[in-house]
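Some structures are shown below for you to check.
In the two complexes that follow, subunit A is the common piece, with subunit B as its partner first and subunit C second.
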Partner chain A sequence: MAVRRRARAWLGTEALLTGGTGVVVAALVLIPVAMLLYTSLRVEEFGEAPYFSLEKYTEFVLSPRILRSIGNTLLVSAGATLLAGTFGTALAWTHARTNMPGRRLLEPVTLIPFFLSPYVGAIAWSYLAAPRVGLLNGWIRGLLNLSSDPLSVYNRWGIIWVLALFFTPVMYLFVTGSLRRMDPALEESARTSGSGVFETTRRVTLPLVSPAIFSGAILVFVSCAGEFGVPLALGTPYKIETMTTQIYNLTGGSAIDYNASAALSTVLAALTVTFIFIHRRVVLPRAYTTITGKGYRPSLVDLGRWRYAALAFNVFYLLMAVILPLSAMFLVSISVRWEGRFEPGALTLANYSYVFTYPLSARAVWNSVKLAAAGATICMVLAMLVAYAIHRGRGRGRALLDFVSSLPVGFPGIVLAMGILITYIRTPLYSTLWILLVGYITRYMPYGQRMVSSALLSLSPELDQSSRTSGASWLTTVRRISLPLLKPGILAGWLLLFVIFLREFPISVLLYKGGLEVLSVAVWYFVEHESAVRAAAVAMVQVLLVLVATILFRRLAGTDELSA
Partner chain B sequence: MTSWRRILQVAMGGAWVVAAALTGPITTRAADSDLARLIEAAKQEGEVHYIDALNQPKTQTLLDRAFRQKYGLPDSFKFTHTLRGTGEVVASVQQEIKAGQHTIDVVWVGAPAFFKAAAKDGALLPYLPTEWKRYEGSVKRGGIEVDPPNWVVPAAYAFVPVWNRKCPGFANVHIRSWKDLLNPAFRGKSQIGDVRKSFTFAATWSGIEGTLGKDFMPRYVEITEPAIFFRTEESLQKVMSCEYPIQPWQLSGRVYQRVQEDATLDLGVAWPEEGVVLLGVPMAIVKGSKHPNAAKLLVEFLLSEDGMKAFITGEGVFSLREGFQVPAAVKKFTPDVASVKTMPVNWSALTIPEVRRIQGEFRKILRVD
Partner chain C sequence: MADYVCVEGLRKAFGREIAVDHLSFGVEKGRILTLLGPSGCGKTTTLRCIAGLEHPDEGRITIDGEPMTSAAEGVFVPPERRSVGVVFQSYAVWPHMTVFKNVAYPLDVRKWPRAQIAKRVDEVLELVGLSRFRDQYATKLSGGQQQRVALARALIFNPRVLLFDEPLSNLDAKLREQLRIEIVRLQREVGITSVYVTHDQAEALVISDQIIVMNHGRIEQQGDARAIYARPANRFVAEFIGLANLLTGEVTAAAGPAGLVRVEVALSPARRLALTASMPGGGPGMRVIVSIRPEDVEIGPAPSASWDNRLEGVVVSAMYMGSYVDYQVEVEGARIRAHAKSTTPCREGERVVLGLPAAACVCIPEGASGS
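This part shows the complex of A and B:
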């Protein structure tokens, strides 16, 4: 009897679905990682017999040029983290804890860069601050009567600047969540003890939110180290290579070397995973308890006249991250040709007409929408099952599944794409949209899982238990109790993934083949093979699609779904 | 005796006329029937996919139209083209060869070292196009390496200096010699092709080194501090926008294409007196291709008069087909290949290790990783 009950438990719908999903997710994540490691050790020159060696690590990765690329990666990531940390923390504080005017209005706009493609941002900034033809350079030169260009984004500072602008919202979300949850009594005590606004902020507020700042900083650092589009656009032509651009060069240059690419990918993955590990082991346990049992509403700090300075800073950020780049992109996209100045007499919509009629870009729009819809749906189904297995299941491997399913967060897109390419190249998935779909799901499923997990954790398990003790099956309980309650979280997760997939670049650029182009690939293709004006038009199409999806996301989810 | 000789001569002459009359049409008929069989087989296969690093969308439209028209291919026939950078083309094909997964039927790219390695590895499908004999003469004269039936070279191009006369300080620029590029006025305004990613840039580097000396390129880099661009289209955009108004290694065909679109452009093209590196663009069918007959038909088409006309009208590069009439609009930018002075390159020495050595040198001189 007991054996039969145990067998039924093992073979029940819940066990089969959650266990099966666990195996699928583990396979999706672990096989490409293992293949990457294997390829880095198996040296194979075209037309020669393969052999196993550590030479790609000892000779290639440690060569001066690769060490310089590693140095560049660390430098731009650290610089961008510092700048994004400063911007994000300042914006979060002024929004969450001060009486800065227009906070409610500004918040949704401040988060726009979170949803946009940093690669598109880099291209837009090249229209603003390229030598000789940058719009900003032209304006400043004219205004100050300068003979040379005051700005250039084609250097490490330019990469840091653009990365920082686009990762500021990540910091903002981490810090603002923590600030909003903080017990104001702590600050009030400091102030009644005689501390001023800034003294209290420095000595009480900031230390209390420091775990959130460190968490955000680690995530920003890891994301910047894995970022591919920005250094590709602003660094590679100007002699600055990072690890991601080198990985790409090794898969597409005439000195193609998959083994070296896999070795460098492994090193980059080791670096980012180490930071994620530090975050989990060192930063997370240090999070201070700032939420107490009593009801509260954090009081706002009166900034006095400084509140206009805070507003000016927020507007400055929006100008730099949203208004100027998107305006420049739009102006270029409606120009007949781009020569660094806007000619109101030479405007056209022909570039948009070209984008929608040229087979590659028209196909790219459709491919992106298909992949985004299918990818987001599959991801959310998997995410729900994984979250259920981890938070509601009784299996032994829950901690392991939690670890494995969140592993891709630490893997830069291009690294995982490299592993996926090596893994699936000999399968029928190769050269189909399916390989891109697998890439998207593997890399971004944790984002969906996080959304479902947070929604699931806010539901009492007693609801499930009551349903089950009333005789409902697991499937009925999920369908009639959990799903309706989780619906807002699932929809928000779906939309977030939809937006991410619409702008996805590093995985797509490595896995696409002719006929499988997506929007980001089309932008890159137009930059390399077409004119600047048409590239701007296809980028604007991507931006518009992303913005529409973002507005829907905000309507459904609000900011809290994104907050850490 | 004389009469016997006369009779014999007449008889032999008659036999020759009969033989000529018979064999001529028979040979033509045989070729025609082979072609007809190829067309039918291609129709059955229903599609062909080629990858190259040159053909712009407009050129592909011209080729698509002419290809269908010439062989009566139905609308359902799928003619796919992928345009990637030279290195990326090679990477994609190598990737498929290694994996034994073939989506590409024909590869056409200026990377002879890759074709040599692939032929040695038995990765190419030998096929001798019937039109190839019309190319042999100019290929030989141009010193271009070929290995028929493994790979043929129907077209070529050369990188030449291009600049924008509309940009400040460039109205009176005249380039007659490569040495005219060593001009401090071009500092920070010049470009260079990315040798790290391209066989053809590496070959051009090698040819310039051979003719102008080892110190020419380092001097150019030192004097002008060039930005590095890979794709000729992107690089020309930078010239047109005045961001980087001069590029020493650009395709005259790209200038032709842009001027066709916008006649107000004022771009200078120079054919330096020391000569240029003539870069053959090899073409081959990949062994294991899923559409071998359609691939053979495509190769036949591209080497035919009609195919070459569509290709040159679109791209404005050199045709190696003897007797080919270069369109007048193209001639303004790209002269007849026979009139071009070339710089010698030891193609047989330009192997993959040699290309890597040049790329290493490029990295060192440009101080780039």
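This part shows the complex of A and C:
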């Protein structure tokens, strides 16, 4: 009884709010995961009584067709990770540790692909390197007098290439973060011990950032394995399927089988969650703590003449990941028609006016903006409360809440969407915008939470406590001390989520119904059912919205926020 | 006795780590008590329990007779309703507010009228010497000035108790000394009952009316500065407060009046030596540790007739420290440290005689620990 009274005396607003949020977040995450597992263990044939069985695993998942798609997933993910790892590490090192010209200018543009939709990137690359209608194919054909097309993106190499380009910034963020946090004295003592710049780089700098490289590689691999838009755009036209496209194929059409889709989803989730788990338990604890308080600038490696080679490499990356695809898409979007050649005589804005007048796409723009704004707001409120419960609370379930609330990070969008579809299909939420909202929040709340958490961890708890001992209640303390101090982090988190939601594809495509289209779904619909020029125009609208929000984000947050 | 702040049987564990182990003490009204000990001894946890920032597992804390925390009665008054001012080590000055706003905050949340707040803030800023920084952002100030802001903020609402959690640890030595004196002045002037936590023994000796030396969540010794320095109750206190030469031995006989005894100490396993030492109430057969402060040890090329105990040895090192020389002297296998005026220097390798005044050779019963 004493315990209960004590609890009540202490609990009050703080525990009610943070504890309640914890329960809600745990339910949001755990119910779809449980439903997914449950569905995967059942067989529900039309006209037969449903029963429990492992047959979706033993027969379906192990069938040659599905094994081939699993092989494809592993292959393209490994390839893309290798390529993105090399690109990202090289870019990071040249920016953070060398005297390459133009470093300051290049840094923000190198991150642009991070904010863009890989799906739209894949579409843009199809304008560049599709057989027959690819711009690059046309140029190279003309230049070298070839009779056939030298390039095609509609194969595994194309998928690897586009994935690598778009996940290079993830790698870049991890490695620059680690390089910037490193105590320069570590490198300086190698120098004063008698090793030269390059030897120091090889024997001290790179080994010290290797945990960050490894962390980045795991995250890129997991993201690629869960990526849906790129293999959909580049693989399915020539029947190259991956796990994510198969999961999607089974949710509609003649092959519809939710049990099989759930089983394959579970296998994919098991793969990605295992990797994330290894990362958290094995890689992170081994990361060297190299942070110190002193802010000396590290000495830069003088690349000599090679610094122009480094610059050329940087420019090459930007051309491939940003300039060429976006220019191609823009040119397509202002063309009257697209047959692989830019015709300066036949330019028009009609495609854009079509986008804003055709009901489906006009609706999609509005739905996306609405969902992004509402989703980001709700996510940040939840994120605040969860981060508070984890880092400032004293409840027993803190470690558990931390685990559960970050679990969705390990789940590919299409997998979590599958769980959400199964969970909410029989509720009134289905076929309203609410189910998309719930999907977005469930999948992406952890990103907001990590932003708030890193901001919260950099604030001394004594700042809150001195408000309490000054006579302010918990609520007053949150309102007058914590919120103002966390404001930059919360705003940055809001904008990041806003961007993510504007371009979100796998969850949207699985959960939408007619009337609930969002931007990515409209792009997909236009690619399938309308002309290339109109598809390019919708995609450009999305890119422009994303870029505006990204510029605002960059004003508010440093790059450190992204790798946190 | 009616202590203003009263801690009884306080216990707090973090997982398996017992931070505070059934601690009891009181602070008289208007006095300043210091909790002194190495890091991890539980002093900060104790302070945070008084502030209401930590939930003790057991025990009772009262302020002015009013229970604040009582595990048994299910009482827990949240920090904002305890009327306790806290000065933190990290200053915890709010970076998004000016000095004025920071200091006004406690009155603001108490809904004082604006004019009265302004008057009172100006008064307190005057008191801590920050009047001219009134409208600056607090984080633009130096560490010492920020800590004055924190102090002003803790004082402004006339709390019943003022708590200091290592407030000077982040400051450099000069500033620390200056602020130390100022805190004593302010505390006397305002007359607020205070608890001060520090690991710096010099700070504790200067500031406190009472000192509690803590280790492993328990009290090792409690008393005023003089008593603790001159008569450490056990080995831990002797080693923690100041420097001490410690020799283990056994009392062989009482030696006349004034609590003097004869002690046989072991310099090395083979070499024993008889000393006259101070131990009121000591008797033959008691195993003791003899503690002698380096500044009480006399050193010279030849013995003086007035020295009670004489030891011969060789100077191993002599380090010039400015106002004194720090000698390490090897005496038959034992090292004795002596601090002597730098006017009559002895050289390294020189044979010297050490004198240990009987009154300065303090016997501590071996195995003695917390009271």
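Criterion: the second predicted complex is superposed on the first by the 538 of 564 C-alpha atoms of A that agree within 3 Å, B and C clash if a C-alpha of one lies under 4 Å from a C-alpha of the other, contacts with A are read in each partner's own complex, and residues count from 1 in each chain.
To be clear about the criterion, a contact is a pair of C-beta atoms (placed from the backbone, for glycine too) under 8 Å apart; a residue touches a chain by one contact, two chains touch by 3 or more.
The structure presented is a predicted model; accordingly, all values stated were derived computationally and were not measured.
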First (subunit B), second (subunit C), both or neither touched by A:339: first
First, second, both or neither for A:360, with subunit B first and subunit C second: first
Which of subunit B and subunit C A:281 touches, first, second, both or neither: neither
Partner chain in contact with A:130 - subunit B first, subunit C second, else both or neither: first
Which superposed partner A:530 touches (first subunit B, second subunit C, both, neither): first
Broader residue contact with subunit A after superposition on the shared chain, subunit B or subunit C: B
Touching partner for A:466 - first (subunit B), second (subunit C), both, neither: second
Touched partner set for A:476, first subunit B, second subunit C, both or neither: second
Touching partner for A:513 - first (subunit B), second (subunit C), both, neither: first
Touching residues on subunit B, where the partner in the complex is subunit A: 49, 51, 56-57, 80-88, 90-92, 94-95, 98-101, 103, 111, 114, 117-118, 120-121, 166, 188-189, 196-199, 202, 227-231, 233-234, 237, 240-243, 262, 352, 355-356, 359, 363, 366-369
Subunit B-facing residues of subunit A, complex: 44, 46-47, 65-66, 68-69, 72, 130-133, 154, 236-239, 241, 246, 249, 251-256, 337-340, 358-360, 425-426, 430-431, 513-515, 527-532
Subunit C-facing residues of subunit A, complex: 1-6, 9-10, 12, 394, 460, 462-463, 465-474, 476, 480-481, 484-485
Complex contact set, residues of subunit C against subunit A: 51-53, 55, 71-86, 88-90, 92, 94-96, 105-106, 109-110, 150, 153-154, 157, 163
